[in-house]
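Single-structure report; data block below.
Chain lettering (A, B, C, D and E) follows the sequence in which the chains are written, and residue indices restart at 1 in each chain.
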Amino acid sequence: MGETLHNVMLLAPEVCITLFLCLLFIVDGLFPSLRSNRFPMILTVVACIASMILTAKVGKTPAAYFGGMVVNDGFTTFFRYLFFFTAAVSSYVAFGSKEVEAKSRIEFSLLLLCVTVGMSLMASASNLLVLYMGIEMVSIISFVMAGFRRDNLRSNEASFKYLVFGGVASALMIYGFSLIYGLTGSLNYSQIAASLIAAQGNVGLITWLALVLIYSGLAYKISAFPMHFWAPDVYEGAPTPITAFFSVGPKAAGFAALLRILLTVFAVKTGDGNWKAVEGLSLTSIIAVISAATMIVGNLSALGQTNVKRILAYSSIAHVGYMLMGLVTLDRSGITAIIFYLIAYCAMNIGAFWVVGVVSNIRGREDLEAFRGIGWSMPVLGTCMAIFIFSLTGIPMFSGFIGKFLIFGSVIKSGGFLWLALLGVLNSVVSLYYYVKILKSMWLDKPETEESLRLPFYHAVGLVGLAIPTIVLGLYFTPILEFAEKTLATLL
Amino acid sequence: MDLVLLLAEIFTVASAVIVAFHPNILYAAVFLLFAFCGVAVMFLFAGADFLAGAQIIIYVGGVTILILFAIMLTQWLYKIKLVDIRNKMLLPGVLAIGIGFFLYRALHQMALSLPKLTPEALDKFTATPKTALMGQALLGSYLLPFEAITILLLGALVGAVWLARPE
Amino acid sequence: MNHLLSFSSSLQGYLAVGAILFALGIFCVLTRKNAIGILLGIELILNAAGINFVAFSKFRTGLIDGQIVALFIMLIAAAEAAVALAVILRFYRLKQTIDADEASILRN
Amino acid sequence: MFPILSVMTYIPLLGMIIILALPRNNPNLVRWVAVGVTAIPLALGVYLYLSFDRSTASMQFVEQFDWIKPFNIQYYMGIDGLSIPMVLLTVLLTFLCVIASWGIETGVKGYYAMFLFLETGMMGVFCALDFFLFFVFWEIMLLPMYFLIGIWGGKEKVYAAIKFFLYTLFGSVLMLLVMVGMYYYSEPHTFNLLQLAQGHMFVGKTVVLFGHQLPVDKLFWIGLFIGFAIKVPVWPFHTWLPWAHVEAPTAVSVILAGVLLKMGTYGILRMNYPILPEATLWAAEFMMVLGIINILYGAFCAMAQKDLKKLVAYSSVSHMGYVMVGMASFTTAGVNGAVLQMFNHGTSTAMLFLLVGVIYDRAHHRWIVKPDGSKGFGGIAAVVPVYTGIMAIALFASLGLPGLSGFISEALVFLGAFSNPRFQTYVVIGSLGILLGAAYLLWMFMRVFLGPLNEEYKDLKDMNFREVFTLMPLCALVIVLGVYPMPVLNLMGSTIEKLLTLFS
Amino acid sequence: MAQQALLIALFPLIAFVIQSLIGKKLPRHGDFISVLAILGSLVVATPIFMKLITEGHVFDSFQVTWMSLRGAEAGRLNSAVTIVIGVLINNLTAIMLLMVTLCAFLIHLFSVGYMHGEERYHLFFAYISLFSAAMLGLVLSDNLLTFFICWELMGLCSYLLIGFYYKKPSAINASIKAFMTTRVGDTLFFMGIAGLYYIYGTSNFMSIYKAIELGTGHGVTILGYPALAFIGFMVLMGTIGKSAQFPLHVWLPDAMEGPTPVSALIHAATMVAAGVFLLIRMFPLLEAAHVVLPVVAYVGAITAFLAALIAIVQVDIKKVLAYSTISQLGYMVMGVGVGAFSAGFMHLITHACFKACLFLCSGSVIHSVHTQDMREMGGLKSKMPITFATMFIATLAISGVPGFSGFVSKDRILGGALAYSMEHQGHYLIPFLGFATAGITAFYMFRMIYMTFFGHARDEHKHHHAHEQPFTMTIPLMVLAALSFAIVFAGPTGIESIDHVMPVKWFDHALEGVQVEMGIAEHLSPEAEAVHHKAHGLALIISLAVAGLGIFLSSITYLKHLLSAEKFKRMAGPLYNLVWNKYFFDEFYLGIFIKKGLLNFNQMLATFDDKVVDRIFVDGWRDIAMVTKNVIGKFDDLVVDRLMVDGTADVMSGGGWVLRQFQTGKVQQYLVLTVMVIIVALFFANLGLK
């Protein structure tokens, strides 16, 4: 029992979230009037902050617990921070948006916290079952969130598509898990890895099959090629604050899971702190192809779009492509780059979607036309959007550039995937074309009517709050870099 | 005994085929129920007695009935024909056969290469009742998933209710 | 016949049923026009996975962890089905149809 | 030590913040603040000019701190003979442009804020001695430029702005790759430009691309070159230029042509030359040919233009060709001429753009011949004599008339290139450019200023004091440097001497 | 002395600055400033010349470093470059300085009257001051670089002054034509300078002379040609452009659109002669290059002859003089080409005086009758006696009538040419064309005199208004006429009897000194001496004969009307047409490009716009590049921009379009695609395993 308690202690952040979840339930039952004001949001944010504090507390010593089912290492700690932060920001965003109705705020907060627990599980899982649980927890509740505007056709459609695609993807994945289980006789990462290594390069079709099926599930989560199809539709249809959350939170969780499974199961740590793929699995070139395909699909498809949300949806696919580039070399610098990129991406992407949300609340649409001249009537919003957009493009002085810099650096350093780096930079040029369309609408086109719009202070604070780290991380990123290095160093 | 298993397998496969091909969605759902039953029998033969029961309770008693309800609710309520007009079947068919082909190859290879347990061990495993074991495992080493699923179910419930509830 | 019988009770037998269910599930998912039909397909795939786990649990490891996974798969499938049906009911309510292809406002 | 370069770089940034904080309803205050802010770097520039040590090739006014320790990135600023002319040009032109932008009426605050931001970027590029820092400044410049063209530009501003942005970004991402590559292939890993230039670090190393073993230094060279060539712009990467120049507001065209184009050639001299000398020699012929193509192509295109500003824009293409030719010659006269041409073109073309802006402010069009074939301007010399006179000076400076600055640099370029036996043929072909340059400029002059007066413009007002004031310093520079170019040549002599020892 | 000599160029330069900045506000629009400035130059130049006369030889120079570029030691690509400029005063310079300042002064003076009341009066003076400064700077230059700078500045002034009547389309067309045509030569000339820097690292005349004497530079090649020959030809191209030699002579007649004093100063006396001056300065190099000189001679001879023929048929008084100038310049060039460069130089000086006189006289006439067409003149002899007298004297000089300066110089050139052909068998064409030209010259010059001053007034109205000019205009005429007498230049003709008549031989002594400086003082062998002697004697006789014949024919045709010019015209038929159309040179220059355009770009023209074709028919040099530039302009727009840049964008967005077609919005189709990819992946995995 003592051991279980100790285990639960290490799980404190998730437990904390769960407790708050219950609290929400209770409060809602006792004081139904509270559900339509900002109280649920405050509770959510408090929950996240409390969890972050707990994360800091429990994250000091890396350890596996629950019989090796989950691990609590620097990697987990990092992702917990990221998830809690994302959740907090998302609830902040959502509560300023008309798309999340006042009367449903309790449900929103509940679901958000549930998903957060799921994401946290995904990041710390070192057991296929726990991973599956985590993924399903995130997925199933995300289906509901995507359809959160119950009376909205698009939202419902998004939900439906998400559901079908997600259901199939996770079904494929669990089938893949079953194959792995059969192959290695275990569900634990470390035992699977040991078994794979013991096979000494004797890789059969079954391994590949399992790999492909597992990849399908994870790729669906991060919306990488070829499991990206759902993303634009769902992102477009879902309520904007929720899209902002989707594009960052579950995606980061997917990356967490992917990184961990890739690095601990399918790759072996080498002496110098880097990794190499398990004998017989030529992972790197496959990841390179996937990365290339993902970014090409994302960027090219975004070119002809007129809906800003959809543009950003495709762009988020493209960004996954960039991030995957960091994996091809399976070395520390690449993974560090991904971690940095996720941080930068979190701020800038939520910011960008936030702006879209604000605009669509005002204009009732999200297409480029709705953005027309809005920079002039709301300069703070316009400036922040410009910052996010430039950062997404990867222009220096903004964090997105540093992310790309680190990613390309890792690829070039290895020397083997120059073509991928070349493709990557060309893609970022292409991406400029559609990003700039948004800026063009906001700043270059004059508004038809001289309406005086005011950006609510509530949003201004949040947007500036996201813009500042975007710039600061673009100019000085040593601490984050060191943090990421440390994170990796303790990866179990 | 093996004959029962064989029949159960054939039954399962046959039901699944009907599920996949029957144009009437109601029939498909009913045959899914049969397929689940067949699988439950298979579980029984694989020494998963508890699981077989769970399969019947959860799937047959829960999921399938839920699905049937949904079909009835929606289709009778809205007077939509039960016959499901099929999409193009050629490409999906080819894809399914392709998947099946690779599965066959892969599984065949694997099954041959896996270490074989002795028949005695297998029989012993089958003969052991699993309910207690499962209970212990769920509250022991599988505590975490067990607790996690509660949160999942809570969330799913809240969500499903939120969606289904008329505004 | 004996051969068939021994096959059916072996690992291969279970795996074969699982594989067939998997393929049929995929086929079902891809072809059903009815949204609920797609759900049926998903359930088939999940069952295939469950069969695999149970089979491996017996024939490969001799431990019950495979069965536990199968149990969780069932639970999750149930949760998923619940949510799915809720979504589909919403879909009906808004569109008066169950045709999956009708869900294509969001495109290109 | 007083960090003069940083102060020059960031004062405009500070100014930008001040301007953004100013009230929106007082545009004149904004303008005067902008003038005041740009005057500070100008004054410091004068100080730089006076106290610059001309006898040494080493970096001066150096500031060096660690910035991003894990990557050994430094905040490293300093100037040598190559940068100082460009720095001076930058501060001067920005100052004049701020005055020349008085006519901007919409979004005054934003305009000046962007302009000051632009100055920060330009200063940074010319002062940065760390590749990373350089790159950051290089890209930072794009942002205000995009908005300046896109918001305050002409009819096709959006297309022009995006085109400019896309093109330059294309170049800079290649540069980014090279930058990262240089970091990882150098030993020890560094972004420090001076360290990279020591010892031929990249010779003999190879990298695999599409299954081929390729020499690293040549790949680096090509990547950098494309990045810079787009800025220059070298044919065939030049098509953004006419658009951007034509659509941009006057002052921005001035900055574009006067400073931004020079960044390309500056970059080549700052990076390709010292860091990759072997590859540079390998590509000399290529650069020379491109330079010649630029000269002729730009000239021919200029001749075909009906829009005054477009003509000037294409003339820039042609003139930057001289710079390329001079650089590629590897001779003392050639390279000195090239750098001098960078400076001189900065002044003369700035004059031309300012002048075009003056007429555009009055007539609201710039057609030499209207698109429908009817006459645009004609014979306006009769009504605007001062304008005509200054235009004549600018024009003759541009076409390389002796006694004005353009001649000296072109002459040095040709003398230099001709004394390299490898390139004599090219020089002879390129000399056709001198001819064509005169042709299109004089022809334009004839059609716009001479001949019978187009009655439509008989009420055209001559230049006002503010406009004359913006042009006078440039005019003086054009004449003084045409007679005695040593004040500028002196600045860069030592640096170029050292640079060229790599190639002999 | 050399430093003071710099003042000669500085005075007019200062005048230019003052005039252009504040000239309009000064009393009399500041014309006195320019006049005083050039007078100052004359005052400074005179002592130098007097020193030459008294001492027989002047030489002084001083240098300053203009540019010094740091670099390695000499002989490498990155060797240091030092450009030293300075002033060189020698006999040649002294004579030129006096000639230029004197002519310029007189013409300034003339302009005060001639240009009176013109719009932009101050600018006119500013421009000719700048011109004077440039010309004097050119003369003073001790190196080719400053020489070239001044040379170009003169071109600029020429451009500005030809286009002085900037509202007149023909004037501005002519100005551009002049500038561009000469710039063709200039550009190549500059290549020559670059070549000099390449082989010698300097363009200082004295250094060049020395280097040639030492024989350095032989064996070096430029573009595969011997370096010296290359440079020589490039220098020749400069001359051809500036001195309006065949085939770049087309600009000079058009240049007559400028005010007449400009024609006198720039397009007769000084600037066009600068080309010849260049040849003389570079003579040692031309000689060392061997192949160049014959070409020079032929260019000169052909130019002289062809231009003279055209002059016969011109009816515009200034055009006659213009072609005559081309023709005379041809003489000078021929003189240099055949080695008689002192004769060429002498002709330069004499020609400057009498041609300036002729132009000013014609200006006087034009100013008086307000037309340039000789067919509208006639009978002005009595109305304008001074003009008539001075012009007649100058005509005698140009026609080579003994006793006048032209006779001396031209005869020497012809003698030299004859000697050359005797020495180098086969070059008989040169003296033949020379002599023919002499006859034709006499013919058309007298034709001009007769048509202008003799006979009856053809336009009564104009005749009625004709009047003699004020003294500011007539004094220059008289001074210049006075300088047209042979006695001023005097030198041995080669015939003892006549040589005795000529009192001073200062000119020859001066030129001998120059030859020594250049290192080409030649000591003729006795046989060669004999040949020369013989040739000069023969030339004297022939030239006298042809000149006499020319005058005679002219007299009977235009004075006595015994022969009908019209009849003659008809008789000549196609030949007349050829000459009347100036050998179709202008048309030829355009034609090449029309043809080129039509042949090469036919289809493009069809698809582009018709304007291309339209524009080809516009007159002027600019049209040369018209077709090319249009095509390239379009090419840039259509191909480079649209195809390469926007094309890439199209491909991208096209790719995007294709990809978006997969995004059908139907979730099952997504799944189909996904499963397809999975199967393909498995297929490859399977393949990889085998």
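Just so we're on the same page, a contact is a pair of C-beta atoms (placed from the backbone, for glycine too) under 8 Å apart; a residue touches a chain by one contact, two chains touch by 3 or more.
Not measured: the values here are computed from a predicted model.
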Field: Required minimum of steps from subunit A to subunit D, each step between chains that touch
entry: 1
Message: Going by the touch criterion stated earlier, list every chain that contacts subunit A and also contacts subunit B.
response: C, E
Pair with more cross-chain C-beta pairs in contact, given B-E and D-E: D-E
Central chain (by mean CA position): D
Message: Between subunit A and subunit E, what distance separates the C-alpha centroids? Give it in angstrom.
response: 78
Approximate Å spacing (C-alpha centroids) for the pair subunit B, subunit C: 6
- prompt: How many Å are there between the centre of subunit C and the centre of subunit E, using C-alpha atoms for each centre?
  reply: 96
Message: How many angstrom lie between the centres of subunit A and subunit C, each centre taken as the mean Cα position?
response: 27
Task: Hunt down the residues of subunit C that sit against at least two other chains at once, touch-wise.
output: 15, 22, 25-26, 29-32, 38-39, 41, 55, 60, 65, 68, 72, 76, 79-80, 83, 86-88, 90, 100-101, 103-108
Field: Residues within subunit B bordering two or more other chains
entry: 87, 91-92, 95, 99, 102-103, 105, 107, 114, 142, 145, 149, 152, 156, 159-160, 163
Task: Give me the residues of subunit D that touch two or more other chains.
output: none
- request: By the touch definition up top, name every chain pair that qualifies.
  value: A-B, A-C, A-D, A-E, B-C, B-E, C-E, D-E
Task: Give every residue of subunit C touching subunit E within the complex, in rising order.
output: 26, 29-32, 38, 100-101, 103-108
Message: Show me the residue ranges of subunit A that touch subunit C in the complex, using the header's touch definition.
response: 128-129, 132-133, 136, 140, 143-144, 147, 150-151, 153-154, 156-161, 163-164, 167-168, 171-172, 174-175, 177-179, 181-182, 185-187, 232-234, 236-237, 304
- prompt: Which residues, counting only subunit E, touch subunit B once they are in their complex?
  reply: 668, 672, 675-676, 678-679, 682, 686
- line: Residue positions on subunit B within touch of subunit A in the complex are 102-103, 105-107, 109-110, 113-114, 141-145, 148-149, 151-152, 154-156, 158-160, 162-163, 167
- request: Name, in rising order, each residue of subunit B that touches subunit E in their complex.
  value: 87, 91-92, 95, 98-99, 102, 105
